[in-house]
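Next come the structures, one after another.
Two complexes are shown next, each including subunit A; its partner changes from subunit B in the first to subunit C in the second.
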Partner chain A sequence: MLRRTLLKGLVMSVALVSLMNGTSALAQAGKTLDVAIVSDPVTLDPALMASFFELSVQYNIHEPLLHVTPDLKIEPGLASVTTPDDKTYVLTLKPNLTFHDGTALDAAAVKANFDRMLDPSLASPRRSELGPIDSVEATGPLQVTVKLKTPYAPFLQVLANRAGMMVSPTAVKSLQADFATKAVGAGPYKVVSWTKNSELVLEAFDGYWRGAPAIKRIVFRPIPDETVRLTNLRSGTVQLIDSVPPQTVAQVGRESGLTLSQSPGLGFNAFSLNTTRPPFNDAKVRKAFSMAVNPQIVQRTVYFGTGAVSYGPIPPSIAWAYDKNLQPPRGDAAAAKKLLTEAGKSEPVPVTITVTNSPIQIRTAEIIQAQANQAGFKVDIKQIDPTSLITVLRQKDFDLCMSPWSGRSDPDGNMYNYFTKSGPNNFAGYQSEKVDELLQKARTTAGEEARAPLYREAQAQIAEDAPMLFLTFPATLQASQKALTWLQYPDGAFRLQFAKFN
Partner chain B sequence: MSAVVTPGVTFARGLVRDRRAALGFTLVLIAVLAAIAAPLIAPFDPDTPDFGAALAPPSVMHLLGTDDLGRDVLSRVIFGARISLFVGFFSVAGALVLGTGLGLVAGYFGGLADSIIMRVMDVVFAFPSILLALAIAAVLGPSLVNAVLAIAIVNLPVFARIARAQTLVVRQLDFVEAKRALGFGTANILFRTVMPNTLAPIIVQGSLLFAAAIITESYLSFLGLGAQPPTPTWGNMLRNAIGFLDFAPWLAWFPGAAIFLTVLGFNLLGDALRDTFDPREG
Partner chain C sequence: MGNFLLSRIASLIPILFGTSLVAFFLVRLIPGDPAIALLGLEADEQAIAALRAKLALDQPLVLQYVAWLKQILTGDFGRSIQGGREVFPLLIGALGPTALLSVAALLISLVIAIPAGIVAATRRNSLADYGASFAALCGLSMPSFWLGVLLILTFSIYVPILPASGYVSPLVDPLRFLSFLVLPALTLGAALAAATMRMTRATMLEVLRADYVRTARAKGIPARKVIWRHAFRNAQIPIVTLLGIQMGQLLGGVVITETVFSWPGIGKLTVDAIFARDYPVVQGAVLLTATLFVLINLLTDIIYTLIDPRVSLA
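This part shows the complex of A and B:
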């Protein structure tokens, strides 16, 4: 009896610790590359992608018209581009391109893609990204001319992202709804099979414009638990992993069989403050809350010094637009308390923080909680599962809710959607004429020198109104086995046409 | 044989004679004392972070080290006992009261009432208990009270079945028949006569399920469905620890040991209680 009891207790408590031990498979030999990603993509159709989770796979299946280098320069991709004036873009496709299914990738196909993305009935998020398009015409067998209504500075960066990814018009027609799972594009790899939440198998596309990729077969496996991903990399079950937990960075860097790749990211980890209901409908209360929190503590304690402290939406990696002088007061409980008193709040102000149940987010929430409580707030933490996050944000069913952003190579992509009045990511319900005008102007102005001051001014106003609490620009942290050579991009998206086994 | 041997006396003797029972009793006592006296004996506030002292290994200052936010692990383990015992006590007490009541009614009246109650219990029983508790907690939303509810619901059929089985035996005994013949009311017979005679196995079961409830609470907290941060529970401390196992293993050792020892204590105590009540053994 004793033995059984002992055993039961032991097994149960050990089981708790080792819940994380998941998949086990033999290390793959030969030419297959196994990649552990954080979550399964939602769709493989670039016109409909709307989440963070497609990022890891999208550039392997699809090829954008233009290419962004790791240092954010625009290069020709499927097409090269000329701009006769600031409202006209002429795209010239490379000759003899085809999609995975053999359909010709010519001017007609590109026009069909634009028409599809701009069709209101498809409700593609690309439609707003493409901005003020007036017309798209095939002006030659390989030439497409896009005319804009007003100048739109981020346009080239947009064409190097999801909106520039061309898909086979014949496959869209024949596959209909199945296109989302079978996706026929022009990227370096073709989709072989996709088993939801298990594996996405890709095979090299010989007709890829840069030439067939070195690695012939790639399998993406979603592994949500950060510790399990790392364990699988160490055991060789996978050879490349996304999102290395920051606390293990130092250690992984020392392991002889592994390579840690780190670069400054494009996105931010921030919280939206709901400006449409108390207590955060009062700008003073929002400001007091932001003042109470010290993002340096978050960066040190949660991110273990990786990445950079954030005070606004534009990261240092977009060097021309980053404002290093933007430093609103932070981590000052006394000043925050004083501001709360000015706002007429005497008793502790109750606030609920909504986060997903990932360790990093909970840790961040606990730090915010401890600091805000010292400044006269009474903070509760509410955990939700990741799939309900977008609903909570869209319905504004929160006081303070995490709203991280993967980032874009143009500052417009980090600000327009979040801070214009009708922006789809304006979860805070922020309404500012001034910021609206500035952001509108910044996207229609040409030249980085002319745009930078506009973004600086908008960021300063946003820091003053505090609709969002910015904490960190997380670094892109990925790791691979030594045997693999690959190229990391700041956005964290894998482009495995550039990878090879040594 | 002495003239008066109550179960209490037997149990007390058992404790002295049986080292396992004594160990169980001691472990439970430690957990209970820690829970009651937590604010007095914990060296630090369990929720106040000290970011400068994060992830410090066990030392004189912090006997069990500190966690990733610099909170004292010893203090958190001590306060965690409150949550574990709170959940254990209220979930088992709730299931025991309601389950026994349902079992009594089903067993005493039989017929349609019996069929309806016990089929519903069968449905609950058909699911693996941890899975069902998870599902209930997920639907109700993550909180301590909901965790208690979930665990109580899962344990209902256990008590209902035992109470019913006991009632079926007891209701036919002569002294119950006698009371009925004398014209006592149903409620009186049920609660004054039948129920006391069904309680022994139920209490034994209760002490064993107490241990299971602590484990289940740990599972729920581990998965984020129990008490919400910064409230320390052994389960959510373990969950937090897995990201640091490589270089701060003490974060997992101590809450894990606390779960293990407390559960062991309740199991040993339950075994001892069973030995006391069960005439066939010992």
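This part shows the complex of A and C:
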């Protein structure tokens, strides 16, 4: 009896559910955009955000002072900017701006934001991005003057990115620790609710400076499994997804109901070679290892031809600084072997590759292993979890370790921290006076024409010294249902104020 | 009965104390700490040191433990380091979906496993027995990430009647909740059913050989009645034990199923917290699941007395 009742109940609920499912999907169409992202954001506070995947939601809630176009040009955003000299930036805010909570977005609010990010006790990653700031003063009701200690060329790009995102100072004060989950900004959407690991619901902000966005409601759903993310797009449960796995790109591109969007990314997939201990303290051994590896094989077999092969840190998407002539020798086992003999190494040289346990990284490591083994190395692969990776890199407890970078729209963001002598991301322990000077100079020189040759020279020297093995510039791969029009940015972050249903 | 309950609940105190010690120190043995995990590759040493000081991670471990214990005893689980949510509401918020999924999966497993196990036992070595045993083997050996994706493909792409993944609270929209529940519950239920079916078959075989069953048959009681009234009742104790263990394990979280179906449960929350070295969340989650495990075992013992009056808890 019990059994029969249970069965009956089950059958009925399945039937009812499928009925309801159809109607609720209809009711929602046109109003709500469901977006599948890779992982739940950690915090909605732009001053504290640190992970790459969080970026995909941030630009919808928060608006930077300046706007960067998909081809990386700076435009006015909340503010326009003038630079009377190379150490002074005058920001002029648009009149009558407010945050989601109605607080005025004026010079005082902007100053409060800078003060907050620069406060050492907040431990904000934005502090180092903002560079050599000397003072921030409100010089008018809508005018803020930022003075730098030394010229800092990437500053405008920095203000158009994470560090330029303004939050409501009133809300920071009143919400305290809850600000991280209830963020109040000045972006196109305001936060309605956020259920951990389930959904982040946003609603159009009518006071947005470009005018209220076309889509009224957005729901971000974290779906970590790449297959399930794609299935949700195919079934229409979501209409836009982040991070399409490279192996499915060709297939998704052929599906009639879907649009695959890809553009060159800003970051790189590379490995740091530990220059502070054997065997890679010898530049010849580093060079031999780099020579042995063929990045084209990695790009073809791991990334299925998406993105681009990389020989240095600056990607083709930063067109003015990209050096297409940079092509150090790669994929030459015989030459690598010869170099090893020159370095006085006759035995197979033992090397350990440290990677996280993600399929892409493991496959990459296996290809490097096979190629380097042919050139006289004996390579082991060690897998660790992503949080241990940071510790391993910082403590230089590795021979060869993955050091991927999400990338920045200014080349300084892809090089300064990695290759200056005391750079926080100089995991290789690379010490080059020449590169240090070049990068300092490139950072303090104004004008793309003047900076480009400096970056070219620095990249050439780095290729010669081989402290890092560059493999690919992964593409930004995202997909949507045909019914949705939206604008893709190279950094992969969604800016859904520009999206609409057809 | 009253004394028994009291003593069992009192036994929670040393168990929880031990668990708190293990949870606290074990999670700190993993390399890396919350400051590094939170600030990521982009932070400089200064920022990490500042955050460590703010989180009191620069204090001696014993002091940190005592401070946390004091907090817990006043009912304050602290705040998550990642994102600053309060830990207790966060845990309860994730326990709800996991509990609902677990109960649904157990129900599904029972509906499949009990009849299958009984049929397999009563018609031993028949085609039905082999069939049920084979199905159970499949259920046990199919990994849930594979079965889950297969179900998603079948029911939301080829026969699109159910959403692929997601969750909505049953309080908000009960029918949509059910539509989200079906696939993960089936995925999880399949594996559970396999174990329960094997257990049902084995205990039924044993009971069916017992003298009183032969006597009942000899008295001319209809076969159906013999099986359900005489045999199955006595076969229930090991099954209930198994269910208790299963339920305890389920409430600790079913990470893979939760991940595949984007089900915001406690398993995924805990694993994410471990990866992020979010100490307060990991410690809270371990304490909570340990408590539940003990309580479910207690409940199992009480159920014994209801099934079999010979069992006494005094």
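As a working rule, the second predicted complex is superposed on the first by the 471 of 502 C-alpha atoms of A that agree within 3 Å, B and C clash if a C-alpha of one lies under 4 Å from a C-alpha of the other, contacts with A are read in each partner's own complex, and residues count from 1 in each chain.
Following the convention adopted for this analysis, contacts are C-beta pairs under 8 Å (C-beta built on N, C-alpha and C of every residue); 3 or more make two chains touch, one makes a residue touch a chain.
Bear in mind that the values here come from a model prediction, so they are computed numbers and not experimental data.
In the superposed pair of complexes, A:Ser51 makes contact with subunit C only, with no contact to subunit B. By the touch criterion defined above, A:Ala370 reaches subunit B but does not reach subunit C. Residue contacts after overlaying the shared chain place A:Thr227 against subunit B and subunit C alike. Among subunit B and subunit C, the chain that touches a larger number of residues in subunit A is C.
Within the superposed three-chain model, A:Ala446 lies out of touch with both subunit B and subunit C [touch as defined at top]. Overlap of the subunit B and subunit C interfaces on subunit A comprises residues 6, 10, 13-14, 16-17, 20, 227.
Those residues of subunit A that touch subunit C in the complex are listed here as 3, 6-7, 10, 13-14, 16-18, 20-21, 24, 40-43, 48, 50-51, 120-125, 127-128, 177-181, 195-199, 221-225, 227-228, 231-232, 234-235, 237, 385-388, 390-394, 403, 405, 424-425.
Residue ranges on subunit C touching subunit A, taken from their complex, read 30-32, 35-48, 50-51, 54, 79, 82-85, 90, 93-94, 107-108, 111, 114-115, 145, 149, 152-153, 156-157, 160-167, 173, 175-176, 178-179, 182, 259-262, 264-265, 268-269, 272, 275-277.
Put simply, subunit A touches subunit B in their complex at residues 1-2, 5-6, 8-10, 12-14, 16-17, 19-20, 226-227, 245, 247-248, 251, 297, 300-301, 357, 359, 362-363, 365-367, 369-370, 380-383.
Partner subunit A is touched in their complex by these residues of subunit B: 20, 47-49, 51, 54, 68-70, 142, 211, 215, 218-219, 222-224, 228-230, 235, 238-247, 252, 256-257, 259-260, 263-264, 267-268, 271.
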